[in-house]
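Each of the two complexes below includes chain A, the first together with chain B, the second together with chain C.
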Partner chain A sequence: MGSIAEDPGRGGRIPEHSKRVAWQKIDGETVLLHLKAKELLGLNEVAGRVWELADGSNTIDQIVRRVTKEFHVQDEAVGTDVIRFVDELIALGALTLRDD
Partner chain B sequence: MSLPLSIGGQDLCLEASPEILESVRLRFGRFEGSTSGDGPRQDPIKLEVHARPGGFLPICDRPAAVSVRAVGSQEVVIEGAVRGRYLVEARRGYIEDAPGPSAVDALIRVALSISTPLDGALLMHAAAIPTPSGHGIVLCGESGTGKSTAATAFGGACDELVVLRPAVDRVYLYSTPYWRGFPFRGRCTSVICLERGRASDFALHRGSTAALCLARHVVRYVAIEPISRAILRVIGRICEAARVATAACPEGEAFVPFLRDAIKFDQVSANASGPS
Partner chain C sequence: MGSRIETIRHRALRSYIPLNVTLELTLACNLRCIHCYNFDRALSYHPTKEREEELTGAEVHRILDEVREEGCLYLAFTGGEALVHPNLDDFVRHAGRSGMMVTLKSNGTLLNPPTVQRLAAAGAAAIDISLYGADAPTHDAFVKMPGAFDRTVAGARTARDAGLLVKFNFVAMRQNVDQIERMIALTTEMGIPYGVDAQVRARYDGSRSSLDLRIDRAALDRLYRGPLRQFVPPADEQRNSVQCACARSVCGISAFGEVYPCIGAPIPSGNLRKQSFRDIWRDSPALNSIRGLRLKDFPACETCDHMKYCWRSSGVIYANTGNYTGPRVFGEDWVCMEAEVMHKINDDAASIERPGTPAGPVHHDSLE
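Moving on to the complex of A and B:
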């Protein structure tokens, strides 16, 4: 699978949690566990919010807008970061993508 | 015949010949009986030990090199120096052609590593240090990080495996027989992860960092999805109810004094005089 950063139609695609990952909020922070691996992955506040929103009910564009609004940051930077983060989670097998 | 054991708040029922049970009692006898612990009441885990006539050597025992693999989500196969199976949901297991007590040891470890997360607890690579107030401190760490040294210095209840069992607003610590352990159950006030290879440091952690620290020391022989999910849930509960820290300790004679000072070991019945 190629990077979604190179996909012009990425904004309308919908990320959702893979069944291969368990996750938990611990003291307000999001922790992911790949079920076949031993290591956990801790997410910072923004990344944790992206993870919550990437639950199969929001497109990437919608996630970018929500994060921009909630964290009072510039749209362009958020878009780049969200796409990079979603790419990383897809590579880890933590997220899958489907079309709207 | 059978031998009831209580390890980590779990009841186990070992079924074997009288000769085998007698040798097992020598190793695990301090943990004989049934639990009055904090976990949900369940039927005991049933473990059968079979051996060829004359094939079980109770004294001249060598560590049993075994490998463990999951077959689906309900069955675990034990292979190598001893062969056997453990059924996850049924909470039953057996080994065949057991050559000595170490084979029984391997079966119990496998059973505990699988059953504890599903029972709301975790089996950890750690030493248990009782405090005079009746509480306990857990020292996690890989081999060589100083668990045994600390356990010797501070009167540890065991120095290899412990069980952490979260309750409503606290975490209970259970010692195990590993190694030369004696039964201890108390409220766990701190989980300290021992590290090496970096400058001396002691740091408290919360949230995902605390979870990452704990996850490295969970005993997990096989990756079975429901068990992995259960492990993460229990880690979360432990992080919210107990203090989690890392301690990078100096080596040599400075090890014990540093650890004592870092984690307030003045609460512990210390008989420390230096590292072993």
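Moving on to the complex of A and C:
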């Protein structure tokens, strides 16, 4: 799958958690556990929130709107960051994408 | 990233987050292992329980949600034999979807291709399989089922080929102590890692004949100077505790909803049919008592010369002596002898450079 940063229709796509990772919020920090590699990845607060929202019930556009609202940050920058982060998680096998 | 896992584990230990939960789905089993810690398998079922009393599907779902909410990341289903439970796929799916890593603890005999495919599709990540011999006569006599060895080995291969993380667990006992080297060769040839434990516990039904299976000092010495040399722990000069993760980042739940500090330490700490997991985990006097223990509370260990070499398991000690902080005096439990033997081996090898530090033996208290 190519980068969604290059995909003009990306905003309507829905990211969801892959079976390849387990995750938990530990002392306020979201950690992802890659099941095959048994490696942990720690996420900061905003990334952790994106991860929670990327549970198959929100489009990328919806996630951007929620994060923008909850963290009181500027829309364009958030959109770019969310898309880059989602791309990274797809590359790690932590997220998959489906169409609405 | 390995150190990242250690950081998270330490944080869970410090903050009392139940990162590792083992849930016993049933006491029923298709084998009759002679060392089984559940109950004497010469009986058809636990002497004071009924199978109908085991947790229902709805209760298991609720418990999975509650442990998840309280911080569980690593969820293990055990038994009995977890695979004889008719709703196992459903439980695996429920736990996996909520974000937990699901491991099954199994004897492996029921891991046929359709079952493995179903479990993998449901989201099972790993399977720990018990192996008690390097050949069918030894293993089958141990589990009291002809053909079990072949089915277990085939099941492990099937699970491995399906992409599950498979690991063998050995328990070194009188019957198989001279086969450990061949067992290691077998699993190595299969490309499957293994863990070894030589500690045997009294059963949870109070019967103690399983303790007769423990190996003696000579066999222990032979084993740890031979095929298990890599498991002799190097002296840990920094060690100032004999405690494991029981009640701090580890928790066990019985097939009847009883919460334990660890599935290997059956100290009743509250029942999930009467209280929520959160209330028990946070407020149970038994769990909080364990969290408050310090080295001075372990009378024989505090001044023991062998402490730095000891694989002491509070659960095993509790099952064997009735005293979680035991032994009361050095030598009251078998593990004292194990530590003494390891200390001697280390002393003998003091001038010889050792290989790198391996993972320790797999005790029930440290299944993380």
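What we mean here is this: the second predicted complex is superposed on the first by the 100 of 100 C-alpha atoms of A that agree within 3 Å, B and C clash if a C-alpha of one lies under 4 Å from a C-alpha of the other, contacts with A are read in each partner's own complex, and residues count from 1 in each chain.
Definition applied: a residue touches a chain if its C-beta (ideal position, glycine included) is under 8 Å from a C-beta of that chain, and two chains touch if they have at least 3 such contacts.
All of these numbers come straight from a predicted model, not from anything done at the bench.
After superposition onto chain A, the modelled positions of chain B and chain C overlap sterically. When the two structures are aligned on the shared chain, A:Arg98 is found in touch with neither chain B nor chain C.
Of the two partner chains placed by the overlay, only chain B lies in contact with A:Gly28; chain C stays clear of it.
Contact with both chain B and chain C is seen for A:Lys36 once the two complexes are overlaid on the shared chain. Residue contacts after overlaying the shared chain place A:His17 against chain C, while chain B stays out of touching range.
Contact with neither chain B nor chain C is seen for A:His72 once the two complexes are overlaid on the shared chain.
Between chain C and chain B, the overlap after aligning on chain A sits in one stretch of 7-15, 61-69 or 115-123, namely 7-15.
Residue overlap on chain A between its contacts with chain B in one complex and with chain C in the other: 22-27, 31, 33, 35-40, 42.
Within the complex, the chain C residues that touch chain A are 1-2, 4-5, 8, 11-12, 15, 17, 19, 68, 71-74, 96, 99-101, 123, 125-126, 163, 165. Partner chain C is touched in their complex by these residues of chain A: 17, 19, 22-27, 31, 33, 35-42. If you check the complex, the residues on chain A that touch chain B are 22-31, 33, 35-40, 42-43. Those residues of chain B lying in contact with chain A across their complex are 206-212, 215-216, 218, 220, 223, 225, 228-229, 231-233, 235-236, 239-240.
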